[in-house]
Amino acid sequence: MSSRQANLTIAAFAAAFLCVAPAQAEKGKVGQKVSSVSAKKVYTGTGKVLEGGVVAISGGKIDSVSGGGSEEFHAITPGLVDLGARAGAILWSVEQSNEVTARLSNSAALDPWGLEWDRLVKSGVTTVLATPLDQNVVGGLSQVLKTAGEDSITARTVRKDSVLRGAMGQQPSQRNSPAFGRPTDFYARRPTTRMGVEWEWRSAFHKTALGQNEGGERETLMKALKGEVVLSIAAWTTQDIRTAVFAVEEIKQKELFRSQGLDKPRVVIDAAAEAWKEPQLLARSGIPVVLPPFTATGRTREGALLPRNAADELRKAGVVFALSAHGSGAYDSNLAVQAGAAMSGGLPFDEALKAVTSTPARLVGADARVGSLEEGKDADLALWNGEPFEPTSRVVAVIVDGVLVWDGRD
Amino acid sequence: MMLATFLVLALGGGDVALRADKVWIDGSTSIDKGMVLVRDGRIVEVGAKLDLDEGVRVVECQGHLTAGLVALGAKVGVADAALDPTRPAMPEARVAHALCRDDAGFAALRAQGVTSVVITPEAAKLVPGATAVAKTSGALVSERAHLSVVFGASALSLNREPTSYARQGEMLSELFARPEGALLAAKRGQLPILFEVQSKPELRRAIEFARERKLTGALSGAPLAGELAKEIAESKLAVVVDAGGAGEPRREALAMVELAKAGVPFGFGLDGPRNPWQNLRLVAALAVRHGMPRQAAHDGLTRTAASIAGLSERAGVVKAGFDADLVLWSGDPLELSSAPKAVWIEGALVHGAVQ
Amino acid sequence: MHHPRAWLAAALVAGVGFPASLWAQEPAQGNALLIRAEHLIVKPGVVLENAQVSVKDGRIVAVGVDLQPLPGAQEVRGKWVSAGLIDAWSTLGVDPESVADGNVTPATRSADAVDPWLQAHLRREALRAGVVAVRAQAGLAARVGGVGAVVRLAEGLDDAQRFVARDAVMWATVGLGAGAPGGFQIVDGEFVQMPGQRGMDVFERIDMVDRLLAQVVAGRGYLVAMNEHKHELAEWKKKVSEKEAELEKDAKKAKKDRDKAESDAKEKGKPFEEKKYKEDFKKPADPRFDEDSEAWSLVADGAIPLLVHVNRDAELRALLAGLEGVGRLRLVVAGGAESARHAKHLAKQGVAVLVNALPMGSGRSDEYDAHDLSLAARLGKDGVKVAIGSGGMSPDATRDLALLAAQLVGHGLPRVDAMAGVTTNAAEVLGVERAMGTVEVGKHADLVVWNAEPLSTAASAEYVVSAGRVVLAPEQQ
Amino acid sequence: MKQHILPGALACAALSILSVDALAGDGKIAIKAGRVITMNGAEIKDGVIVIEDGRITEVAAGAATRWDSELLDHPELTAFPGFVEAHTNRGMDRPNENLEVAPFLDVRDSIDPINFYFEDSLRQGIVALNIQQGPMCVVGAQGRVVRPFGMTVEDMTIKPDAGLKIVAGSRMGRSRATQAMMLRKSFTDVERYLVKLMQDEKDGKDAAKREALFQGRDPEKPENKEGRAMEGVAKWKLSGFEIVGRGLVDKKQEPMLRLVEGKLMAFVQCDGAASVHLALEVARHNGFLANTVLVLDGDSFKAVDAIAEAGVPVVLGPNMVWTERDPLNGKENETFIPSVFAGKKVRFALQSLNSTSQSLWFQAATCVSYGLDRETALASVTSTAADILRLGKRVGRLAPGLDGNVVLMSGDPLSATARVEYVVLDGELVYDRSKDPRAKQLLEGVEQPGAAQQGLPDEEVDPHSGQKKPAKNDKGDKTEKKD
């Protein structure tokens, strides 16, 4: 492992105008702007791979990706993107006094000083979708934001309130109980079963179409149905995935929705553990999915089985998919390990790279700025000391918006 | 009680002049061998050499004479009546109505040199009500000094609305969108707001809320407020530093010093988890030990605290026209080894004695 | 090589592997040091102006006004120099689980609970505030907490230097937990106070005193039994050797008699019977070895002081009455909220009081924990030796020991007594007065160079010398 | 009584499928592989490994085919000596005893041959496991090194009496202070027991001598010493111990005597740097430091200098990254524990994180990712681990004379995409992935009809709401506790 210090050519710009996070300068360079970085292999995320390449950066954006360079690192990939990171999904991130709270945003519950961001950065993840806790049927608006940068959520936000989060399955009904006897609190309410949860979804959609709700709720649900806001629905097991797809297809076919232009929801099914059991349904409906982390026994929440070849099966069926590590930064379960696990199930490397960079970025509409190393995009880079996604290599440095935010080389 | 058989002097009667080895006007200015002329509970004149007409008794005091200390948040005199859990917001509630004037806590505070105190409601609801300001002699100064508004997680619970920060923010916005009564006074800036916060993100949201609605007041309850000193300074809000007492972690002590460096007006409060009355000066001493300039600590106990409490015209400074709330210390007030030998509230000796 | 008897004797004195010398540990060998001070506080109340202290091999070798540095000595200079402060009531550097452990026994050694890697930043802050050593105590709230150690806070010391005394005091508590409230927990997001401990009525508290006294008396009995056994064993051995000598003397005669008897028996055809051998002395049975009694025997013998955390008048009176008879026992009262009434009696008995100087809010469960900070002054006035501790509520309170002592001055304790409370009296209460507490020749070199008078608000340590080495210097800020 | 009941039918089915009918040939087998990683010098390209009667007789480059031995010819695969799990308390019915000091027990009685843990280990290419008792004791049972295959414990045994388990770290119900007291007491009790034994014996002999003198007989000759001198280097070694007869030492104390005489290994579990100091002190005082292996957890790496100076090998805890928060800025600092020990030249072995996806190969690969050289990383889960268990001559390498264990993998042992295809233990093909039902389910999602519910879903506890999720699974009872 080359111990000689990387000669990152430090930009001449004064760091002043871009108020740089006062990250403690661990290696003297962390926190400063970087003007160029090179590696033996540059995986641009667009399918193009450079043997020996250099990425030039200025003003926090990528200037150019070209050959040559002094190979300071083994590999460079775009900063990884995790849509299921569940960052900031604390107890107070969802308003449980009501099962459908579409208008509320979880930005108030995000803490820029939290420890979770550093852990995500150290695992190479530079952009995440921060969603509220899955306790409500419709939890509320979520943020696409960077995991490093200024100590402020607004400064790190890539797309504000751009994804409406909800959940199918058992999770939303967990605290509720049937309302007979004297209800002590507001948890004596519907839904208490999977059917009830599905009913809440459909009644929310239909009320919006029939004009029976108003204010922020109506506004947000309208945006979701029009596709101006991505609709992320958590569904682990086969029946929940099917329920979600049928609910969406029902909207697209009904005249009530089509007439008002409310038939164009952009849906992503999150934590779709058993998506591999429904390849045709998903391919037909064109709904992309985000897979939950692989587990040691293959069993995930509610007994859903997630085998190692699930990703490869979806690829074969032409279903758009992304991987997720549920925000873990640990060396045994972070996003790079999930990509490695998918590859051990047969998924080729370039597909695995897409599933953790460009695809997730595209699913939440952030591909204009992140997800690949192309001119004009944000300079978010993960720098590896070996072949990416192999357990024998890891992310040793991360650049976000052109600033070296972490340098783990000893 | 170490009662020496000395003349217990009430200063309320005719004019009296106190001469002390050192008179601290405020944290930064002091007069050696200074004199303070008191009449009818008020300070008339302060100076090195006063030309007194005869008949005015001069009392020689050994030690340092300062303005009475002001504590910014103490649950004294209200025991457990400071919380009404029935409704999320009760802006018209006043903790003054639950005040028990002869609570033993007042005597204990007087013994520590504290002459005025802000009494706050329990921060377990969105708007728990209004704070009260009282002299530690038991006299109520103001029934509605601040409106307590809670941005912290202490107002959230899983069994009552709101159960999330988002809904909390929305409900507070709704309250201030159509304000009346106390909320209207607060919106118009007539009633300062006491923002109860804990973590740094909550503190930042309170600053944002105040900036959007041009509200004034103070941020209370965030031990690491100092780490956002620049933002707080720009927001023109003050900070109430909660006296954690001995064993305050180093990071929180250094945060206090950051407040002084950034010029944020701050005062010390006794609302911390272990809030013994002795902690007010103990935390000031801790701050000095970690690098806070002595005058900033002194002002935090007197002048700035008085302005935060809304007493900027009558307490916190030894100045003509102000109440004669005075304390005679056996030595430098910031040295814990000095003790309050005598405490006057509005000219009346309420603790200790003077030769 | 351990000869069995030697082992038994060693065990008697050393108890469960207590080292023979209970308090004086050999400090570090190595470099020489000269400390120059504008004001040298030799002991509380005795200040030398422009004096020097010469240190060699971890010990103070000279204190004087115009000392010359020893060859190769490192020089250190500062305004005020005093002996390092000792916090006799702290949880700094001790494994938290052991502090809270309820099922410790009298034989538990707190030296095992000292974790040199724990709370390193808090120990540095305590050194910066002039505290060089603390009493490490496991089972702080247990009825009998076991044997506490006096441990130096500096890092990088090896085991011999780290412990001023591995086995310094026996700790016991009486009447604590008079209804401590339950802690707060988040249940479904609500701050809910858990049910607290049921309070103890006066009979239960007095019963605790009786059980403590019984253990002290048992320890004394065990000590006596051990001594007696040693005595009887020696006697038995003497008798055996005498008997052997006698038998050896007439062995030839016995052999002759036996041969004759054997041949007679063979003639008469009767079976030959050996002569019956009886001894009239029997080996004394070994006493049953018990670690706890071993530990208590050290207390009863006065080898280590007994610190008892007691607040109320009823238990205090019962304790003092009960321990009056036990001769060489060195009792120290810790806490003593209501001990002011017995100040004269305590002074006469030579019982010191370790005051908890941490101010507590009145909302404490046990109203006796709302320490009245004038207790130290009232005890001091009547001649009671007062030591000052930071109360052991949290490990980082030790850093503020000097401030807490200053606060007691503010509540009437003379300044010199406050300084004594954190140096000489603290050392005496912990039984390490011969090793620490003052700047005198022969004592261990644990000194602090201050930038101001130790009890003043802005005072902090510029240099700290511990076990004869500079362990903290200004640039390490 | 077995805690988990496996449907009888399935148990036999699983095992029979696995143990492919032993290859014919008179116990002689040759394995050819495209790449042979010997862990005993350089790799061999297109090599062959010959095993006779369970032992490797030859490891060489592409020797001519052997006519008289069964042939396993896989030029596309990589041959590898297999991994060695240096310390685990899985695979037992109940890993803990409630007796604090019980050196007379043996894990043999608790090892459960058909536990899924062994099948998982075999699937991950592990050939030897050091089964030790759990950490809920002071001096625990006698450990045992086993291979992950066999119907009975004897079948599985590679080395019985593999050393006593000692716990120096604190644990549930015992804080550091009380645990240290109990640990010291367990050795002073042995010392006191032996002293009394010798003293009684000596007094008996003296009395007999006096009686003989009195009766005029000449006393027995003193030299009939059928006892034995106390060996070892314990600080409190008893001189004159020979007079104690051979069988007099009570069975319950006998293992402790052998420990202090240096005849038994000791696996000492430490949960932090302070407990490492206690462990080394007790080991030195009682004379078994030379046979000590420290099993480390928590921040024990901070005592690496003391460990290096004592010269004892270590087995590192499953979690190889230690994070600590900086008290001043709240940021987390990471330490990669194996690098600390590699830097100080301390011999170390690794433990697997879990028995399925993150086994020893993953831990070794992670070491390479954190900058350790490949050789040290691989050795720490093969040859070095075997040496630490003093089985360097049996497992961990492919060299003549060692046990006939060969693992054939589809790629480099440290790569994510490599899989264990075949495993040969003692010359017998015991695992063939194509016939492994559970591998199919885990990798290809092919759910076997009637296959038992393999273990609990990982997320037994809902990760973000923190509530315990009642794991209802309708396919049979819980068969394997998720560790």
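Residue numbering begins at 1 within each chain, and the chains themselves are lettered A, B, C and D in the order written.
Basically, a residue touches a chain if its C-beta (ideal position, glycine included) is under 8 Å from a C-beta of that chain, and two chains touch if they have at least 3 such contacts.
As the structure is a computational prediction, the values presented were derived from the model and not from experiment.
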| item | value |
| --- | --- |
| Chain located farthest away, centre of chain C as origin (C-alpha) | A |
| Comparison of A-B and B-D by number of C-beta pairs in contact, larger one | A-B |
| Centroid distance [mean C-alpha coordinates] between chain B and chain A, Å | 48 |
| Mean-CA-position distance for chain D and chain B (Å) | 65 |
| Distance from the mean Cα position of chain D to that of chain A, given in whole angstrom | 41 |
| Whole-Å gap separating chain C and chain D, where each centre is the average of the chain's CA atoms | 42 |
| Chain C: positions in contact with at least two other chains | 121, 189 |
| Chain D: positions in contact with at least two other chains | 327-330 |
| Per-residue multi-chain contacts in chain A, two or more chains | 91, 113 |
| Chain B residues touching chain D - in the complex, by the definition given at the top | 249-251, 254 |
| Residues of chain C that touch chain B when the two form their complex | 121, 125, 129, 188-191, 358-363, 370, 373, 390, 393-394, 396-397, 399-400, 403-404, 406-407, 409-412, 415, 418, 455-460 |
| Residues on chain B engaged by chain C in the complex (per definition of touch) | 2, 104-105, 108, 124, 154, 156-159, 163, 245-250, 274-279, 282, 285-286, 288-289, 294, 330, 334-339 |
| Touching residues on chain A, where the partner in the complex is chain D | 1, 24, 86, 89-91, 113, 115, 118-119, 122, 133-135, 171, 174, 276-277, 294-305, 307-310, 313, 326, 330-332, 340-341, 343-345, 385-386, 389-394, 408, 410 |
| Of chain D, residues touching chain B in the complex | 327-330 |
